[in-house]
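In the two complexes that follow, subunit A is the common piece, with subunit B as its partner first and subunit C second.
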Partner chain A sequence: MNVLFFGIAKDIVGSSQITFSDEFKRPNSVADLKAQLIISYPELSKLTSLAVAVNSEYAEDDVSLTVDDEIAIIPPVSGG
Partner chain B sequence: MSEKIVEIVDNIDASQVFKELSHPKSGGICVFVGTVREFTREEEVVSLEFETYKKMALKEMDKIASDAVVKWNLNKVIIRHAVGLKEVEVPVVVVGASSAHRDACFEACRYLIDTLKKTVPIWKKERFENKSVWVSAHP
Partner chain C sequence: MNNQRYTRQTILKGFGIEGQKKLAEAKVLVVGAGGLGVPVLTYLNAMGVGAIGIVDNDIVSLTNLHRQVLYSESDIGQSKVKAALKKLKAQNPNTEIVIFNTFLTTKNALEIIADYDIVVDASDNFPTRYLVNDSCVILKKPFVYGALHGYEGQVSVFNYKDGPTYRCLFPNMPNENEVPNCNEHGVLGIIPGIIGNLQALETIKVLTGIGDLLSGKLLIFDGLQQSYQKIKFKLQPENIKIEKLQDFYEWNDPCEIVPTIEAQEIQKLLVDKPQIIDVRTIEEFKNYHLPDSVHIPLNELKANTGKINFSLPVYLLCQSGKRSETALKQLREQHPQSSLFSILGGLNQYLALCS
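After this line comes the complex of A and B, so read on.
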């Protein structure tokens, strides 16, 4: 399972993509993913917001994740 | 049928937008151009750097454009955002609406830029002389 990072989230993680290769530790929901990432990268919890996109749509915490999904971490947007 | 232009580009030429929004059934065209400002909280900005999650950004921009077309019965709508390194005064975003009467295009234009700023996955980093900061990242 691959997760994409952008903006400040990319800087915090130090990479534009990370892979969850161990199937037993793979997050099974958006909430689970956020919780795991915040444990590994506590700086993420200091952001104004932390959204997740699944297959390029905003996803609520209860959305489940599969290996084939395109998953992205969306830190506070600032376009315009 | 109304016409939508939704794009992420390297550079914006703001002068072409009138032509793009011109329509025989329109009596008004309203355009907002966002540009790079020189000062943020009295600190001099050298440049802004924009990055995007392009696939999702285009989807979100298309939703905003489609919603505006329906809500204000627009003849044409445009949302175009630039990415990359941008210097002071350069246009970074253009939104515009073309409609039969002016009230609709004024309101739609405001909706287009305000919603873009809330939902479209584009990020800007302000580069100052000695530091750079991701805008809105921290409370």
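After this line comes the complex of A and C, so read on.
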């Protein structure tokens, strides 16, 4: 399971990508993923609107995740 | 219309004289004449869009020039819309250009936008982006969104024929300082050029009906990887039911002011064992906390309000005073009559003063 980070999320995590390879720690749902990421990167909790895409499709919290999923964490960006 | 001028695109299959006519009849409003607005304006003007409105109240500064390539050193200190008007007129005198030397506000947005077929959001801040979204939803106008962060950018077409809107992706406006802007974070000069040109392309496609639009799709461009990702998203029907603008889009809404208390006041109060709610993470709390403080992490606050006695004053604490502000706003919604305070500067300030 690959998780790609964009915008400020990439800056907070300090990397554009992380991989969940350990089966026991792998999140089961989008909500679970968000909760795990917030524990590892508490700064993420300050983002009001954080879009999550699973396999290039916007995903609500209840969407379940599997090992082959590619996930993108997309915060809003404001610059112009 | 001088046909010779546009011959390289009118001979193009699928565009033709018909496409050119549609552009000539179109009215496009560009909100922001900065990094994104400059390429949008330059290409829409060059390609023969009939009427263009430009909204901006900024002046040209030296730090704009590395990315806002329409402006020269001699324009520094001048109004952007006036400088842009002069350059665009020289580039293509046929376009009917109207300049609005103002920022978009709740007072002028609906009136300005109403005259146009489509809006290009080339602004540089969240309050304007949400104002553009809500105004376009109310007036049923499509808008082409573009935004930047460092080496990255996002593009989409919102509110196109009752399609998804900005709020379907990002329902609520971020708090101030949550996401840095270009002034704070920096931007590579070429990135707004790329994103703005993608916005101009989507605008031309909406106007002429060619190709597949980025409606219901968010394009994310990463300049360092030269990669484009497209994320599909759906309409959340409540988002096209907006009937009026919010009273405020600015961050400093007077109703949003959060009551605070100085950290040294807390030190004096400590002898009376005040009710201090520490909203930091478990790790931060374990690492250090004030005696007798109650730990409820911010993300669990709403589910744990039972641990708080709202008949007593509630002092909210975090590391820097930011999360405690958010916590206060959350609690105030549920308990508007209670006596809530955010400790200014948080533990950082407390420890600096009191240790």
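Points to keep in mind about this one:
Assume the second predicted complex is superposed on the first by the 76 of 80 C-alpha atoms of A that agree within 3 Å, B and C clash if a C-alpha of one lies under 4 Å from a C-alpha of the other, contacts with A are read in each partner's own complex, and residues count from 1 in each chain.
By definition in this document, a contact is a pair of C-beta atoms (placed from the backbone, for glycine too) under 8 Å apart; a residue touches a chain by one contact, two chains touch by 3 or more.
Note that this is a predicted model, so its numbers are computed, not measured.
In the superposition on chain A, no contact is made by A:22 with either subunit B or subunit C.
For subunit A, the partner that touches more of its residues is C, with subunit B and subunit C as the two candidates.
By the touch criterion defined above, A:38 reaches subunit C but does not reach subunit B. When the two structures are aligned on the shared chain, A:62 is found in touch with neither subunit B nor subunit C.
Across the superposed pair, subunit B and subunit C both touch subunit A at residues 4, 6-8, 11, 46-48, 53, 56-58, 72, 74-80. Residues 4, 6-8, 11, 46-48, 53, 56-58, 72, 74-80 of subunit A are the ones touching subunit B in the complex.
The touching residues of subunit C, when paired with subunit A in their complex, are 32, 34-37, 122-126, 129, 146-150, 152-154, 169-175, 178-182, 185, 187, 192, 218, 220, 222, 225, 229-234, 281, 283-284, 298-299, 322-323, 326.
Residue ranges on subunit B touching subunit A, taken from their complex, read 34, 50-53, 55-57, 59, 81, 92-93, 113, 116-125, 134-139. Those residues of subunit A that touch subunit C in the shared complex are 4, 6-8, 10-11, 16, 35, 38-39, 42, 45-49, 51, 53, 56-58, 72, 74-80.
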